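Order as written gives the chain letters A, B, C, D, E and F; numbering starts at 1 within each chain.
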Amino acid sequence: MFSHNKRLQYTVRVSESNPGLANLLLEQFGGPQGELAAAMRYFTQALAEEDMGRKDMLFDIATEELSHLEIIGSLVAMLNRGAKGRLAEAVDSEADLFRSLQGAGNDSHVTQVLFGGGPALINSAGVPFSGAYVDSIGEPTADLRSNIAAEARAKIIYERLINVTEDVGVKDALTFLMTREIAHQKSFEKALYSMDKSFPPGKLPGDPRFTDLYVNTSPGEGDMAGPWNSGEKWQVLVPSDKNTPLDGGEGTASVELASDDKAAVDAFAARGASNPSRDPVTGADLGVLSQEPKDQ
Amino acid sequence: MFSHNKRLQYTVRVSESNPGLANLLLEQFGGPQGELAAAMRYFTQALAEEDMGRKDMLFDIATEELSHLEIIGSLVAMLNRGAKGRLAEAVDSEADLFRSLQGAGNDSHVTQVLFGGGPALINSAGVPFSGAYVDSIGEPTADLRSNIAAEARAKIIYERLINVTEDVGVKDALTFLMTREIAHQKSFEKALYSMDKSFPPGKLPGDPRFTDLYVNTSPGEGDMAGPWNSGEKWQVLVPSDKNTPLDGGEGTASVELASDDKAAVDAFAARGASNPSRDPVTGADLGVLSQEPKDQ
Amino acid sequence: MFSHNKRLQYTVRVSESNPGLANLLLEQFGGPQGELAAAMRYFTQALAEEDMGRKDMLFDIATEELSHLEIIGSLVAMLNRGAKGRLAEAVDSEADLFRSLQGAGNDSHVTQVLFGGGPALINSAGVPFSGAYVDSIGEPTADLRSNIAAEARAKIIYERLINVTEDVGVKDALTFLMTREIAHQKSFEKALYSMDKSFPPGKLPGDPRFTDLYVNTSPGEGDMAGPWNSGEKWQVLVPSDKNTPLDGGEGTASVELASDDKAAVDAFAARGASNPSRDPVTGADLGVLSQEPKDQ
Amino acid sequence: MFSHNKRLQYTVRVSESNPGLANLLLEQFGGPQGELAAAMRYFTQALAEEDMGRKDMLFDIATEELSHLEIIGSLVAMLNRGAKGRLAEAVDSEADLFRSLQGAGNDSHVTQVLFGGGPALINSAGVPFSGAYVDSIGEPTADLRSNIAAEARAKIIYERLINVTEDVGVKDALTFLMTREIAHQKSFEKALYSMDKSFPPGKLPGDPRFTDLYVNTSPGEGDMAGPWNSGEKWQVLVPSDKNTPLDGGEGTASVELASDDKAAVDAFAARGASNPSRDPVTGADLGVLSQEPKDQ
Amino acid sequence: MFSHNKRLQYTVRVSESNPGLANLLLEQFGGPQGELAAAMRYFTQALAEEDMGRKDMLFDIATEELSHLEIIGSLVAMLNRGAKGRLAEAVDSEADLFRSLQGAGNDSHVTQVLFGGGPALINSAGVPFSGAYVDSIGEPTADLRSNIAAEARAKIIYERLINVTEDVGVKDALTFLMTREIAHQKSFEKALYSMDKSFPPGKLPGDPRFTDLYVNTSPGEGDMAGPWNSGEKWQVLVPSDKNTPLDGGEGTASVELASDDKAAVDAFAARGASNPSRDPVTGADLGVLSQEPKDQ
Amino acid sequence: MFSHNKRLQYTVRVSESNPGLANLLLEQFGGPQGELAAAMRYFTQALAEEDMGRKDMLFDIATEELSHLEIIGSLVAMLNRGAKGRLAEAVDSEADLFRSLQGAGNDSHVTQVLFGGGPALINSAGVPFSGAYVDSIGEPTADLRSNIAAEARAKIIYERLINVTEDVGVKDALTFLMTREIAHQKSFEKALYSMDKSFPPGKLPGDPRFTDLYVNTSPGEGDMAGPWNSGEKWQVLVPSDKNTPLDGGEGTASVELASDDKAAVDAFAARGASNPSRDPVTGADLGVLSQEPKDQ
């Protein structure tokens, strides 16, 4: 069960109104690499986790991400606070308010008109948060790798936001949030490798004929060698008519159909058969040729 | 530029019609861990990649994933082929066709009615493929981790599909596809660690005050120690009134408002102020009390 | 800032595995009327709220909804726990596992195959949670009404789930969750009517010509009178050529165009003009008539 | 059945081309609080309504909302009409056309390039209309509250749009549309309270132990009292180890598993168990340490 | 402006409750080829149309599609009416209600639990209606072709639904709806070819080097000739190193960068450069090798 | 199976950095009329096609569209290349970087901050690519028409992009891509009309009472005659009380309910019945009237 402390985990001190910057920060509120996605990624994993140690860690980090969601949301609310008041109370002329929504250095019209300046579950383009951002699949050898990657991505988004922020207080809070992603990545890395075996993920082994095979499907000039395709552990194959399909078969797709199924498919095929020897007049032809009115 | 060979990379031999199984396989055609998501993840990275070695690798693997999309799509098409013919030609009674769409062991009504049995860009629940499944962000230290995680997740989904498949030919093709995810994960791992420095991701360092801090936000009974929160590299903090906010500040959110902004916010606040001393009659009260018709 | 207690707000005691029921319960985990939508609705409002009393209330209820999200998620995890193990470890035959995913009384294939039985941010049809479910717009006279309505809807979904649940422990937890929606609705009702003026919502008054007008756009047999369209406060209008448009104008849409804009629109119109006196041969005609191959 | 009159319900007179304003107005065409969402909310309720009076009202208001959709769509079409012609006929230089799409005070590139200046089923950020905006659930005690809230939200969005509109004709039409939302809200309020009992919504009563309970989950400094949590009808609880879980139980989640299920879960847990006493080298470590090329 | 007549355009007589069939019919209520998509496709085109004849036609057909939306919605409401009552009033045992939601021949749990049996803006899989289904782009030579194709698709979906419907009254109404799609397609065909020139669509001509070129990108065994790639109007090209790129250039992508841009890109590339001569230990290696606890 | 050649099908030569233009071009990378949608439309059709000629054509064109996706993605990558470097390496001041993201003539903040300047599966508004863009339904008489319409739409979007592009190299590549849509449309037209019968689409004939009927649902002033509603093949009907419903019935919706179903529906109706003779006090009334605090 959760409880809330009205104090933030990190103090938010914004220097001045800036709805355009608020808009950018929404990327980490309701965007794919944002704090809600992070919190829900770990929270959903925690609920079904069987290992008590990881479960504890997942609840710890999920809860901290909720506190970070509160920080980034507070930044958005403060950056928008003045604009919110001006629009709601209509203290400026309509022309001034219109310009303030769409002028240079600002793209906050959705935030202002639709959400009244409050933090909304959207990214910086106005796209609603999606549960599809959460890629938990209930297998720790995969989920921990997803968490590591998610922390890496979130770190980068914060880095980019810091690079475009002049406001000292905002930059300070963003740096805190960015740093915590680094710490969380370290925890998830430790958790992954404290399992006895994490590769290949899951339980089933691969087919040994294909586990060390690198298929050079983009061959020719520009081919490069690196540890990802060269060295003793790799067998490299440039596909050709001789070595493909990889199973040695004919490379077709087939299904055994019951006789009545086959009859139905044949009827379907016959109905839709094209006649390759016909060169028909087409709609494109009709659209080019000027047709005389029929009533003439 | 791409070219196509009409032979598949791996031969598809399906034993019998099975629209229910086709429906499950759509998970890897148009689902979040599916082959289109994989192909597009690597293809979009390849287009913007600056390192010629990784670019070559990304094109190689992206192209192979397109061939895998063709394999899984061919499996779906073959499993649905008989059902497609029967529905299009209406060879059975309406009752039989209705039952075949919704009977036990089958949930393929969307695939059949909407898509005519063809492979569609949906997952096994009928949710359309989304570009949001592709988490490329243009920074190799993050993208390669995303790729590693994505391959791990895809491997697991194939493993689960294999576990529910009786058809020998389908199982064989799925095992091939699963194995290739293992090989691809290995390539991405090699590429990640062949960079001089991949951690922390990106360029900006973290704030050293917070990089080794583990915040125990779910404290108490059930707390567990592990390498993710214990050992010399971790400083553990149980949040309390004394040690939070972590910046030592007051934990509030504030913004410096221009005076006219402040006036507008005050007006907005005054207009919406609640009167805590009032105990009003509410709509809930009205909904409980029987009101006499006014015209009586 | 948030903290977590590993104990639930309400104990979850599930009688037996039931992935089909788990699937239904997802409606209140990641669905439109679910607990995450509720928590985020109040949390986003709290962040931008100017009235300290309502802000406190919104944080209280948002936080409780997170605890309810944990309860419903724990119900899902427990109901799926056995099935998760069986599929991951492949302890049954493939045929049995396939049947268990799709048999009568069960529609949990997405939950099992894609999410491994963990609670996922989807509704009971597998549609991902959307930020669009959160209808906060930053104006308390509207948001509180949205909250009242949302609690009413959530209460009904719980009622329906209770009606289809045989498991005593699940029913008990659902009844708790349903009851809390009633209590929350009462709080939001009190908050709405403790404002000095909450109707019309916002600041701008309506145009008095149209505030008491009821337009009978579906006139004729079946017309009914009720307090929503009859009584002294309503003026009823059946639209006719005489009384519409309601502004007394000509009912057209027009724009003053600059002369060069007008010229461009005219050119556009001329290029796409249809010739009503032509009765052309069409693609439909071509598709009916058998065309002789041209090369004959 | 519907019929259409080529005259609008309210005359649209736009003063000049303004694609930027057209873009904002799309919020009420294809946005969450827009006229299509409104029309469909009431129309879907009308179709399944059992009370003939409400059914009549719902058809009346749904049909009027379609006429409002036509008004707002006509405003968009007129505001974009000049720009549409210029882009389609390429009457300006490419540079001028590019600037006109993206210059200050304008964010209409999606509307112009993708939709050719026509009104599109998107909101002002370009997000496609979603059926998820329609929150009808088929229970009048909930649906009428949803309608009341939806009208309140729509009124506010119109108010904000009016505040940023200088064009007298546009402002006039928007004021009409805003006013009608007020009238509709009044009708829905009357309909709600003309039921004998509308609270609690639905049929099932709540559990009396929890209907008057207010849980102070965000306790401490800043706690405020108001009618939503104080007075004789409220029992307030600050959660503590003593009074939670609220059912008096142990606060855990449990399920009775069949023995073979239990064995499968145990196997799953064992396979994924973490070893807390291991302090492993991790991928983060590998990413920091410079690795010597192996071939040296 | 719209008006409504409480009588349907076609009488709906349903023989018996059938929520499973109701669920399938939702495909044409809120699905991609459904009546709302059709109505909105033509309505949005009508609003911006410059040709008065087409505008009239588009309003006529859009309005009729709204009447068809009412018919298909009424079918859904009637098929669900009994089930709605049973669930809302809980007249059966919980087990019976659960089975009725998920039993063989039925997949209506979303419709029942979330929407209470009312017609909802979803397709038969529960996916919400999307504005993205409406492909109007504001150019008549394209939009009319989109309309023709949309009518063809809708005709096919109705045909499939008819094939799985036993209920005589439902089949009768569906046949009416299917037939109207045929009539509408004919109207749109006439409108397309009554323009002086409709091909190529739009205003700009193509580059004559590439308008009659067929690129055989999937060459080899299985190549087929047909009017789409053979005959005097086609020039066929099998891509090879000699004839590609088609512009005769080097086939690379390049950009002229300002010197400071170039420096920044170089720095970015250097930071992320991979070292192809390194064969690093990777996370996959760590996941295979059993690591000894460090504290030993 | 696919293979890749590192050379593009058409050489991309971009004159200078232009992230704003890159943003617009995304419309054809991840937008509804873009190259991925095209490739997937034809690829999914090819997989299930029964006619070997069309199957070959569909693979040819699908593969070429993938090569076009590579061209448009390369254009985006080149146009963003400088900006990517500047933001990642933070070579400018924060203020300059902020302005570069949001200044006049640029709306690329999503592309830059979230995707790091790489081509992303979004449209020009930042909306993720959706599988719903692909309207293949597995019936060639419908799918070929969808393909024709899709090519027409794509041609128009390219035409608009060309109209706003000053960069000679970009314009050249866009003209190539636009031209190929013309060629593809011609192929699909030929394929459609080389079938023996393509109208009406599918197998079932229409009901002859309704195939030649034009319903004038928007009658009155402004009615226009054209080949779509006049001439010998059309029967025109202006709906009136006398000639509707079109089946000659009563125009109601009805269902035969089992007696227990009927009892449940009656109970549901009774519980929710409105009392039309009551004129209740409502929440709107409460929100207008100032309520005295109860404790006074």
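As a convention for this text, contacts are C-beta pairs under 8 Å (C-beta built on N, C-alpha and C of every residue); 3 or more make two chains touch, one makes a residue touch a chain.
According to UniProt, the chain labels map to these proteins: A, B, C, D, E, F = Mn-containing catalase.
Just so it is clear, the model here is predicted, and its values are computed rather than measured.
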From the options D-E, C-F or E-F, the pair that copies A-B, where over half of the contact pairs coincide: E-F
Chain centre separation in whole Å, for chain F relative to chain D (CA means): 21
Chain centre separation in whole Å, for chain D relative to chain C (CA means): 7
Residues of chain D touching at least two other chains: 1-9, 32-33, 53-54, 56, 59-60, 63, 67, 74, 77, 81, 84, 88-90, 104, 107, 114, 116, 122, 125-128, 130, 132, 137, 139, 141, 148, 156-157, 185-186, 190-196, 199, 202-203, 217-218, 222, 224-227, 239, 244-245, 251, 265, 268, 271, 274-276, 278-286, 291
Overall pattern in which the protein chains touch one another (line/ring/star/complete/other): complete
Parts of chain E lying in touch with chain B, wherever the complex brings them together: 20-21, 23-24, 27, 31-33, 104-107, 123-127, 156-157, 160-161, 163-166, 171, 217-222, 239, 244-245, 251, 265, 268-269, 271-276, 278-285
Residue ranges of chain D in contact with chain E within the complex: 1-9, 30, 36, 40, 43-45, 47-48, 56, 59-60, 62-63, 66-67, 69-70, 73-74, 76-77, 80-81, 84, 88-90, 114-122, 128-132, 134, 136-139, 202-203, 275, 277-283, 286, 291-295
Complex interface listing, chain F residues touching chain E: 5-17, 32-33, 52-54, 56-57, 59-61, 63-64, 67, 74-75, 77-79, 81-86, 88-89, 91, 130, 132-133, 135, 137, 139, 141-142, 145-146, 148-150, 152-153, 155-157, 159, 162, 172, 175-176, 178-180, 182-183, 185-188, 190-191, 194, 199-204, 206-207, 209-218, 222-229, 233, 239, 244-247, 249-258, 260-268, 271
Chain A contact footprint on chain F (complex, rising order): 1-7, 50-51, 53-54, 87-88, 90, 93-95, 97-99, 101-104, 107, 109-110, 112-114, 116, 122, 125-128, 139-141, 148, 185-186, 189-196, 203
Chain C residues within the chain F interface of the complex: 141, 145, 192-193, 195-199, 224-227, 231, 274, 276, 278-280, 283-288, 290-291
